[in-house]
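Chains here go by letter, A, B, C and D, matching the order in which they are written, and residues are numbered from 1 within each.
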Amino acid sequence: MFKFVFRRSTQSIGAIIALLVLVFFLARLTGDPAYLYLPLDSTDAQRQAFNALHGYDDPIYVQFFRYLGDLTQLDFGMALSRNRPAMEVALEAFPETLKLAAIAMALALVAALVVGSLAAARPGGLFDRLATTSSLAGASAPDFWVAIVAILIFAVSLGVLPTSGTGTALHWVMPIGVLMLRPFGLLTQVVRGSMVGVLSQPYIKTARAKGVGRRRIIFVHALRNALLPVITVAGDLTASLVNGAVVVETIFGWPGIGKLMIDAIVQRDFALIQSTILITAIAIFLMNILIDLIYAAVDPRIRHQQA
Amino acid sequence: MNTPQPLLTVENLTVDFHAASGAFRAVDDVTFHVDSGETLVILGESGSGKSVSASAVMGLIDTPPGEIVSGRISYRGTDVTRMSEDKRLAFNGSKVAIIFQDPLSHLNPVYTVGWQLAETYEVHGKARGAEARRLSIEALRRVGIPDPESRIDWYPHQFSGGQRQRIMIGMAIALGPELLIADEPTTALDVSVQAQILDLLKELQREEGLAIVMITHDLEVAANMADRVIVMNAGKIVEQGIAKDVFADPQHAYTKRLMSALPDEADYRDGKSSGESEPILEVRDLSKTFLLSPGLLRPPKSLRAVDSVNFDLKAGETLGIVGESGSGKSTIAKMLLRLTDATSGEALFHGKDIFRMNPKELMKFRRRVQMVFQDPFSSMNPRMSVFSIISEPWSIHSDILEKSRWRERVIELLGLVGLRAEHADRFPHQFSGGQRQRIAIARALACDPELIICDEAVSALDVSIQMQIIDLLADLRDRLGLAYIFITHDLPIVRGFADRILVMQSGQTVELQRTEEIFRRPQRPYTQMLINASPRPKWEQSNAAHA
Amino acid sequence: MKLMRHSAIAALIVGTSSVGGMATAQEVTIVLPEQPANLEPCRSIRSDIGRIINMNITETLTIIEPETGGVAPHLATEWEQIDDTTWRFKLREGVEFQDGAPLNAEAVVNSINRLMNPNLTCDSRSKFGDVTLTPEVVDEYTFDIKSDVAIPIMPTLAGTMQIVSPNMPFDQEVNDPVGTGPYTLAEADNEHVLLQRNDNYWGETPSVTEATYMWRNESAIRAAMVETGEADLTPVIAVQDATDPEADLPYLNSETTRMRIDMSIPPLDDERVRRALNLAIDWDGMGEALFGPDVLRATQMVVPGVRGHNSEIEPYTYDPERAKALIDEARTDGVPVDEEITLIGRNGFFPNSSESLEAMQALWSEIGLNVTIEELEASDWARYLDKPFPEGRGPTLFQQQHDNNTGDAGFTAPVMYHSEGQYSTVANEELDKILDEAVSATGDERGELFQQAFSKVYEDIIGDVTMYHMTGYASVGPRLDWKPDLKTNSEIRLSDLKFK
Amino acid sequence: MTILKKSVDGATPKAERQAGPFRLVFRDGLAASAVAFLVFVTLCAVFGPILIGDLATTPNFRARNQEPFDLSMGAAYFLGADTLGRSLLARLVVGARNTLGIAAAAVIVSLMLGGILGLIAGYSRGRLSGLILRLADVIMSFPSLLLALIVLYSLGPSITTLILVLAITRIPIYLRTMRAEVLEVRERMFVSAATALGANHRRIVFRHIAPMVIPTMLTIGAIDFATVVLAESSLSFLGLGIQSPQFTWGSMVATGRGYLATAWWVAFWPGLMILLTTLSLNILSTWWRTYSDPHQRWRLELTRRLQRRIQR
C-alpha cells in the first residue's frame, strides 16, 4: 500500500514537473508583460527598465534556470501584481476553493446517489423521467447565467439570500447550489446507468431469493457495486471544480484560487500563475491517488489484485 | 413420499417473454409437483424453459420482460404467484431457497461471505449481530468450508469455484427451507468438484429431509440425483416419470435423442498409429512461469503454469490434452500458437522451433497451424460478417487465394462444415452456439492447415451439439488428413476421438498414453479419479437415498 | 505584509458585520468592480488602487480641478517657477503622517525619490515620461523640484504624486501605505479592505468612521448589492443597470474613445475616405443604444473643462448619403476603397466595446467599405498601440480609450497627434509646430494653442474617428449624499461622503 | 455423412427481426422530441445563414432591446432584439452554425487525438502507455483558461484557435476511455484468434479493435458535445471565447447576461437553445445506452402499458 502510494507519487511528481516546465515556457509566449504591468502611456525606456528589473529581458532559458534554482530553495517568486510572495497568496486562496468544491461535490454526490438509485429502480418510470430530465436540464445551462438569475431572484426579488460574498451560512447557499448543478446532473446519470446495469446482475437475484427487500437491495446490495464508475466521474468532476470554479468565484466574489489564477493569467503574473497551477496540480494528483484508494476500499477485488 | 399433499404443485404454468417482434412462449402449459424430501430433476437443453419454470416459484422471472400468463403455483396449498410483496419476502429463503450455476456472479463481490450469510438471518429476523455471525460460521462449517472462523471474512473471489457453490448452498439452507431449487449447480465446475457438490446436496437432503428440484442439462448429473425426472423441450414437458424408467426406456423421440448423446462405452479410435512417419510437432521441456502482479498488500509471487511438458504429434494424429481448470492445458495451446511466450523449452514444428521463428517463418507457420477456441461467442469479431471472418486468413496471407475466388471458396467451406451459402452474409450473433463453432472450424480450414488446436472447443455447447461437432471434426480429419491437439476438461468426450491422451494436473504431465490404455489401464490415481468422477446413476448406487 | 495576516477574530467580526450592509450609521460599504492588485501608493494612478487610497490614506501636494483645468493647494500651500527647470513648493505646516512622522521637506523629497526609484515598478511615474526629477530640500517646509527638461505643468503633475511617510520601505513595494490622509488602513485580504478614520487628521474630520471595500466583477451584482443595501455605493455600473434615476447617477468619467485612423496606408491616406468614416456613423443612435442617454459626443480626445478643450468644434453628423458619395468619388479617382480595412479592438475594453465595433462595422459596410473586426487580447492589442506599429499590417482602424483627468491637454494632444507622438499616426508639420509651441507655453496661450491643434486635427486632417466622452454610472444607496464626478474613476474621497 | 446432413442444429437465430433504432426512437416521446429538435437545429445551422442573410448582423437602433412577442416590427423580431436592435431570432438561427460547428469540430478533433493516443496507450502498454497517461494528467491539470489565452495570443483570435483550445482540454476524457476499452477488447478471444491467423498490429488495431470501441467513443462524444458548448460559453464569459463579430449562442448569453435584469430575453433565448440542445443530446445518449444494452433494450421495445403490467 505504501509502495503503491509511493509509486504513484513519484510518477505524479514527474508529471507535475512537466506541467511546470510547460506552464513556464507557454506563459511567456503570451506577450510582453511590461505592457500589462505599466500604464499604457509609459515610455519604451520605462518598459525596458521594468523588464530589466525583473529579468524578463534575459533569454528564456536563463529565466528558467533561475526559476529552478529558486525552486530548490522553496522560493516560488514574488507575485509582482500583489507585492507578496506568490505561494503565500496562492495558499491563502486555495482553502476557500477547496471548501466550496468539497461541499458542493459531497452534496451533489449524495443527492445523485439517492436520485439516481431511485430512478434506476424503475427505469422508464415517471420518477426516472422526471429525475433524468430535470437533473440534466440543470446541468445543461451555462452556470454564469444560472448564477445571475439566481441572484436576481433570491437576493433582489425575494431578498432571502445575500447577493454574494462570504460570511454567514446563507452566503454559501447560492455558490454551492450553482456549483452543484452540473456535477449533480452528470452524476445522477452515471449512478442511474451504473445502477441499472448492476440491478440486472445475478447476485441481485440471489438477494431477492434470500428475501431481501427492494429498498435494501437498491441501497445496500446494488449501490456499492455501482459506485466504481461514479467515483471515477466524481473524481474528474472534482478536479475540474478545483480548477474551474472560476465562474462561480468571479460572480459571487468568492476569494478562491480559480479567480486568483485567471487574474494572474490576465495580468501575466508569472510567479503567481506558476504557484496557483502548482497547488491545484498537487491537489488533483493527491485526489487521484485518493480515488485509487477509495476504489480499493469499495471493491475488495481491486484491493486483493493490484492497483 | 408419505405426504398425501405435495409440497409444491405447478399447474398449467405458461410464461411469455415479450419482445418487439411479439411474445415468445418460454414455458407452455407446464404441470408438475414436488413431494417433501424427494429429488425432482428437470432435464432439458438451453432454451427449453427449465430454468424459467423453476424461477417462477421464487417470483424471480422479471428479468427482462417475462410474464406469467396463466397457471398456478401453490406451496402447501397457497398460491405463491399472487403473494403480496411482504409475504413474498418472508417466503423466499425461509420456505424455498435456490442456488445457481456460476456462484461467482451470484455472490455479491463487494461484501464478505459472512456478511451475506448473516444478512439471510437478519432480514428474516432470525438472528442479528454476533449471533448471526455464529450461525454463519456454523453454516459454513456445515457445507464443508475449512476454517470457517477466519474464512467468514473472506470475499467471494478469494474462494475456489467449488467452495463458492458450497457457500451458496450454505446460504440457501441457512433458514432450513423445505425445498431447494438447484439451477445447474455443477455446470461450471470440474468433474471432481462436481461429484463433491452432488454428494453434499444428497447428504443435506438426507439430514434435513429437504426436497430438491434439480435443473440440469447433464444426463449423468440427472441420473445421479433424480428420484423422478421431467424432460422439457421448447417450453413443454415431453416426458416424465421415475428416473430409472425414463433413462432405461425413453418414450419420447426427443428423450431418445438426448440419451443417445451419452458417449458410448466401446469404440476407441483404432489409431492408424502412423508410427513410422516423422512427427510434425515435437514439444520438449515446455515450461511457463507467470509472475503474479503484486497485490496492494502482498509480495509478488510466481506461478509455474506449465512445467516441463514433453510430447510429439504425427501427421493426421489426434492428441487429447485433458485436465481440470488450472492444469495448464490452455497455456500450452497459447504457447504453441505463439499467443504467449514460453519461459523455457522448445516446440519444433517440422524441425523448426516455433519460439525462435523470424517473422517470415512465423507467417508460414500460422498458415499451417490453426485453432478453434472454447467460446464461439467471443472468438469471432461481432462486427464482421461470416464471409469476412472466414476470408480473413486470405486477406492476411495474400498469396493463398485471389480475391475473385473468395466467395466461391467461402461457400464451399460453409458446405463442408454443414452450413448454407446464404449464411455468409450474416453476423455471428445471428447464429446458435453450435453454428458459430462450425463457422470457427470453417475459418480454421480456410488455409488448408496441417494441425488444428482445439481449446475446449465443445465445452460451451449442449450435449447433443457437442457430439455433432466432434463428429464433424472426426469426419474432416478423415477427409483432409488433419492433425488435432484437442484440449478438454471432459475425459469421456475424447474417448472415441483421440489417438493418444495427455493427462495434466497443476502444469505437470500425469500420464501420456494411447486412449484405450488410459481408459482401460489408467496408471495414475489422478487419471483413475477423472474417469470415475463421472457421476453414476442413483439407482446403481449401493446406499441410495431413502426413496 | 503583517497586515495580511490579521487576527482571525478581527476578520470574523468584519466578515459578519459586512453582511447585508448592516453597518452602523457612520460606517459605509463600497463595492468596486475589481480587487486592488495591491495597495502601493506609487502605483495609485491605477484606478483599482487609487480608488481606495488616493486622498483617503495618502494625499498629494496639489489638487487638480479637472472641470476647470485649475490646480488648488493641498499639502503644498504655494508654489512658483524659479527658472525653466526648477519649481519651488512651500508645505503646509503642522501636518503629521499617520505613523507620527512630521510632514516636512525632507519627507517629501524622500517620497518623490521613492516614486522615481528605478527598483520599484511605479505606475505613477509614467506621467513624467522619461524626465529625471531632482528634488532638493530648501528649508524645513520648502523644497525645490529640478528637472532635466522644462515642465511648465509641474503643479498639475504634483497632483498625481502621493506623498508617503519616510518610514515606508524605500526599496520595496508594499501593501500597507502610510500617508497624511484622513483614513488609515486597518485590514486587507482577498475579500475586503477596511479603512478607519484617522483621528489625528490635520484637516476637517470627515463623517464616515469606517469604510469597507469589497469587489464584484459583474455590474448586475454590484447594482444588486446597492439595491439590497449590502453596499452603500458603487462607483461603476453598466448603463443598463442604471434604472433608478434617484440612485444611479451619471458622470463623465474622463475617458474618451476613438478609432485611430492609420493615415499612412491606402485607402485611409485619402481625406475623403476619412471624412466618410466620420459621416457614416449614426452617432446618436449608437451612443444611446450602447452607452446610454447621457453619453457625450466627442470631437476631441479631452473632456470639456480641460485646458485646451475646444468647444467650438462642430461634430460630424450622420449622413450616409454623403459618405457614400465621398467613397464613390474616391473610388473613381483610383483610391483602393475596396481594400479590406481591419478594426483592431481589445476584448472587454469598456462596456459594450465590441458591440460598438460591430455597429460601426455594419454602418461602414453600408457606405461600401470592406471592413472586418479583429478583437485582440490586451497585450496583443498593445502591439498596435505604440510606435513602431507592426509591419505589414494593412489599413487599420484602432480602438482606443484615453483618460485625461489632469485637466491639461498636454497629456493628450502631443502624444496622439505630434509626428513624434507615441500613439500618433499623424505627420503634419504645421500641426507639429503648433503642438511644440503649446507644450512649452503656459496659461491662456497654452489653452488656445491646444484648441487650435484639436480643431485642425478634427476638421482638416481627420486623423481619427473620435467617438464619445464616456459616461459612467455610480449607484448610491439611500443613506448617502454623494455625487460622482470626473475624478471618480481615480479616487473616491471618503471625506466627501455625507449621510442624509 | 449423416452429421453433415443433420447440419443446422436446433436453436433458431436469435430475434431474427430486430426493430431498428430509427423505428424504436419514435416510440419514446422524449427521445423522439430530442431527435426532432436536433434535426431542426442542424437544419438551422446548415441553411439558416443563407436564408437569413444580414439580418443577424445589421444594427437597427429603432428596435433596440425590443421586447419579444411583439409583432409590430415584423416576424423577425418575434423573439425580441438585442442592444443593437438585431433580431434575436435571426441571431439564434445564424448562431447555430458557429455553436454547433465549433462544438462538433472540437469533439471530432479531441475524439480523434484522444482516441489515437488512447489506442496506442491501451495497445502498447509498457512505458509508452505510462507516458501517455501522464500526458493526460498534465492536460487535466493545465488550466484551460491559460491555454485559451496562450492560443489566443500566439495564434490570434479565430474559430480555429477556439476549436483547438476546446479540443485539447477534452482529450483526456477520450484518451482514458479509449485506453480502458482497448485494454478490455485486446484480451478478447477474437483478437487472439486474429493474432494466431497471422494478423499484424495494424490489422488488429484497425480491423478488430477500433470497430469495437468506436460506438462507446461516439456516445461519449455526444455527451461531451454538451460539455463543449457550455465550456465555450464559459470562455466567452471570461472574455477568452469567440471574438466579435463572430458569435455563438454561448457568447450571446455571455454578452446578454448584463441585461438579465432589464432585458431578460437577450440572454434567455440563446441560453434556452443551449439547454435544449445539450438536454436533447443527453437524453439521446441515455436512450442509446439503453438501446445498445441487450439486457435493457426490451424497455424500449415494449409498450409502456405492457411494461407496467409486467412490473406490477
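Definition applied: a contact is a pair of C-beta atoms (placed from the backbone, for glycine too) under 8 Å apart; a residue touches a chain by one contact, two chains touch by 3 or more.
If you want to know which protein each chain is, UniProt gives these names: A = Dipeptide transport system permease protein DppB; B = Glutathione import ATP-binding protein GsiA; C = Nickel-binding periplasmic protein; D = Putative D,D-dipeptide transport system permease protein DdpC.
Since we're looking at a predicted model, the values are computed, not measured.
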Chain separated most widely from chain B, comparing mean CA positions: C
CA centroid of chain B to CA centroid of chain C, Å: 85
Mean-CA-position distance for chain D and chain A (Å): 22
Mean-CA-position distance for chain D and chain B (Å): 44
Mean-CA-position distance for chain D and chain C (Å): 46
Overlap residues in chain D, where contacts from two or more other chains coincide: 149, 153, 257, 260-261, 295, 307, 311
Of all residues in chain B, the ones touching two or more other chains: 63
Junction residues of chain C, two or more chains touched: 218, 220, 224, 377, 379-380
Chains that touch, pairwise: A-B, A-C, A-D, B-D, C-D
Chain D to chain C touching residues, read off their complex: 57-59, 61-62, 64, 83-85, 149, 152-153, 156-157, 239-240, 243-245, 255, 257-263
Footprint of chain D on chain C - complex, ascending: 218-220, 223-224, 238, 240-241, 243, 282, 285-286, 288-290, 345, 347-348, 351-352, 354-355, 357-359, 361-363, 372-377, 379-380
Touching residues (chain side chain D, partner chain A) in the complex: 30, 130, 134, 137-138, 140-147, 149-150, 153-154, 173, 226, 230, 233-234, 237-238, 250, 253-254, 257, 260-261, 267, 271, 274-279, 282-283, 286, 289-290, 293, 295-296, 299, 304, 307, 311
Touching residues on chain C, where the partner in the complex is chain A: 1, 4, 15-16, 18-20, 35, 37-38, 40, 45-46, 118-119, 121, 123, 125-127, 129-130, 173-175, 189-191, 214-218, 220-221, 224-225, 227-228, 230, 377-380, 382-383, 385-386, 411, 415, 422
Chain B residues within the chain A interface of the complex: 58-60, 63, 85, 88-94, 97-98, 100, 102, 105-112, 119-120, 123-124, 155, 157-158, 168, 171, 293-297
